[in-house]
Amino acid sequence: MATRRISDEQLIELIEAAIFVADKPLSKKRLKETVLQDISVSNARIDQALDSISEHYQTRGIRLVEVATGFRFQACSSLSPWLSNLWQEKAPKYSRATLETLALIAYRQPITRGEIEQVRGVTVSSNIIKSLQEREWIKVVGYKEVPGKPALYATTKQFLDYFSLSGLNMLPKLPEQHSVKIDQMLNDPSVREPS
Amino acid sequence: MATRRISDEQLIELIEAAIFVADKPLSKKRLKETVLQDISVSNARIDQALDSISEHYQTRGIRLVEVATGFRFQACSSLSPWLSNLWQEKAPKYSRATLETLALIAYRQPITRGEIEQVRGVTVSSNIIKSLQEREWIKVVGYKEVPGKPALYATTKQFLDYFSLSGLNMLPKLPEQHSVKIDQMLNDPSVREPS
Amino acid sequence: MNDVPQQQKLPLAFLNGEAVVDKPEDLYIPPDALEVILETFEGPLDLLLYLIKRHKLDILQLPILSITEQYVAYVELMKDLQLELAGEYLVMAALLAQIKSRMLLPVHEELEEEEDPRAELVRRLQEYEQFKQAAENLDVIPRVGRDIFTAHALVDESAEPETLFPDIALKELLLALGDVMARAKTFEHHHISAEALSTRERMSHILQHLSEHNGPCVFNAFFTIDEGRSGVVVTFIAMLELIKEQLITCLQVEPDSQIYLSLQLQE
């Protein structure tokens, strides 16, 4: 135990590599119990080595940081916007409600949320509208001149691009009775924008 | 797309950090598709940056290495004996059955399970195949045109990464078979045992 | 059977902490030890290779008579001990017996083309030995987690993963609309003809154009000659529809002057 001696350079190499390969932050205590268990080295030398490593990385893309449970290397926060692209998170599949909302906006634009609700017979949640806007498939193109001035939604060029359509007229034809029915529903005087 | 320009120093920082934070080896292709997607940079500059990073780490505890699927940092192999103390559990040992199956797939790919069994003289358990697939060391690359259409297995790039091999040609040479001698033996009546 | 120690005395198994290096000559092996030993064999070819090596013999000189005897003795023992014996061991025993009987037949000089009965087995043993060695070689290559340790750094919390949006097919959109319509009530008492989809699209374009311009736009600017007559009609119907829906207004300062369109302003 604690019998081998190593040079400062070797100590730096070893501590640096240990922090890099450890699967969680490495404390000085754990460093001494594991990697340095057979090596005779004072706390002061360990601190010196850590200082030297920390200083060395000041000009690199990563930094040595001390967190509650020990030391770890971390990418500079200024690089985060680029590094984010390394990970992709799968958004959940679209619900039936989302697809129906999108279909109504595509075939009956410009259309208000109230009108979509009128045809669907149920409330359209804000999340549905938001997720379609985030995808840049729909956008607000105006406000309807009725009480509450509801937003009018329409599909975007990105929406057409996604489905490789040159224009909305390239959308699959809606069965005639469907179009008629939608128009009837929306023109019915009993239909009111929800306030 | 590809509009921002960055300095050589920034490029080095970004690539270095990206390789460090990626959860698997990072290829130049993936680097360009993710981290560098909005940055205008030539292949030559990327190569230069990688060279510069590689050189920088020559004197540190870790090295930049290129494996089958891309670049990764790994601790200097001379430090491994000390670093292995960081884990209480020893790295998993693989059974002879697993290693023999893997060796047959590595050297004889693409190969069916029946062909593996032929050489080994015993049934290959489904668990072995399954666990090798789960580790992403082997994969089905096709089906053999014989009755039953058995799956053909081959090793993956992840398998090469795991063994730090840049290609299958870096595998140790197969031990020689003395096929010539068989025929000699066969024609030599003196080899026959006295009964 | 000779009792010369093997060159490579690798333990066959560990029993109560002691390495079992060689099987005792008389084949007496404590039952649980045999079980452990047999588990170290990867099948009949492996057991045969072991027996051949034990005699310090070359595979090419496969001494079929003594090997068969020993092999059968092991297999019998396994059966006596009621170990679960892989079927392959019995198949091999039968093969060895067959080769043995063929070997005992006198050699017919005229049938010199006849293959040595051991040939196929020798080939298989050689091939198996080759891959047994390859597996051992594979086991000593430095590998990640045992000899190679990869270096990683974390990202700052500010790095959020990029979102991958779900894919949908165009027909799903049509199906979804079909579903809505199937649920919707009918209003039989009205009859209004359907507008062509292109009108709805044009309505969106006009609204978009006006909201981007932030002020009135000249009426003529909405028509493109390239679109021809039908394009002009579509645009005009779209304007009328928007005016009817009170989404836009139409202005003309004096007769015969330019007509302007603007978004209906909030009062």
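Just so it is clear, A, B and C label the chains in written order, and each chain counts residues from 1 on its own.
Criterion: a contact is a pair of C-beta atoms (placed from the backbone, for glycine too) under 8 Å apart; a residue touches a chain by one contact, two chains touch by 3 or more.
Predicted model, so just to flag it, every value in this text is computed and none were measured.
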- Query: If you take the mean of the Cα atoms for each chain, which one ends up farthest from subunit B?
  - Reply: A
- Chain pair, most C-beta pairs within the contact cut-off: A-C
- Message: Per-chain Cα mean versus the mean over all protein Cα atoms: which chain has them closest together?
- Response: C
- Message: Just the number, please: Cα centre separation of subunit A and subunit B in whole Å.
- Response: 32
- Provide the C-alpha centroid distance between subunit B and subunit C, rounded to the nearest whole angstrom. 16
- Message: Could you work out how far the Cα centre of subunit A sits from that of subunit C, in whole Å?
- Response: 27
- Item | Where subunit C touches two or more other chains, by residue | 149-155, 159
- Can you list the subunit B residues in contact with two or more other chains? 17, 20-21, 62, 73-75, 83
- Which positions of subunit C touch subunit B when the two form their complex? 40, 42-46, 60-61, 63-65, 86, 88, 92, 103-104, 107, 115-116, 119, 122-124, 126-139, 141-155, 159
- Which bits of subunit A are touching subunit C when the two form their complex? 17, 20-21, 62, 72-77, 80-81, 83-85, 87-94, 96, 99-100, 102-104, 106-110, 119-121, 135, 141-146, 149, 152, 154-155, 163, 165, 167-169, 171-172, 174-176, 178-185, 187-188
- Message: Please output the residues of subunit A touching subunit B within their complex, sorted ascending.
- Response: 12-18, 20-22, 26, 34-39, 60-62, 73, 75-76, 79, 82-83, 85-86
- Note on the structure: Counting only contacts in the complex, subunit C reaches subunit A at residues 149-156, 158-166, 168, 170-181, 183-187, 190-198, 200-201, 203-204, 207-208, 210-211, 245-247, 263-264, 266
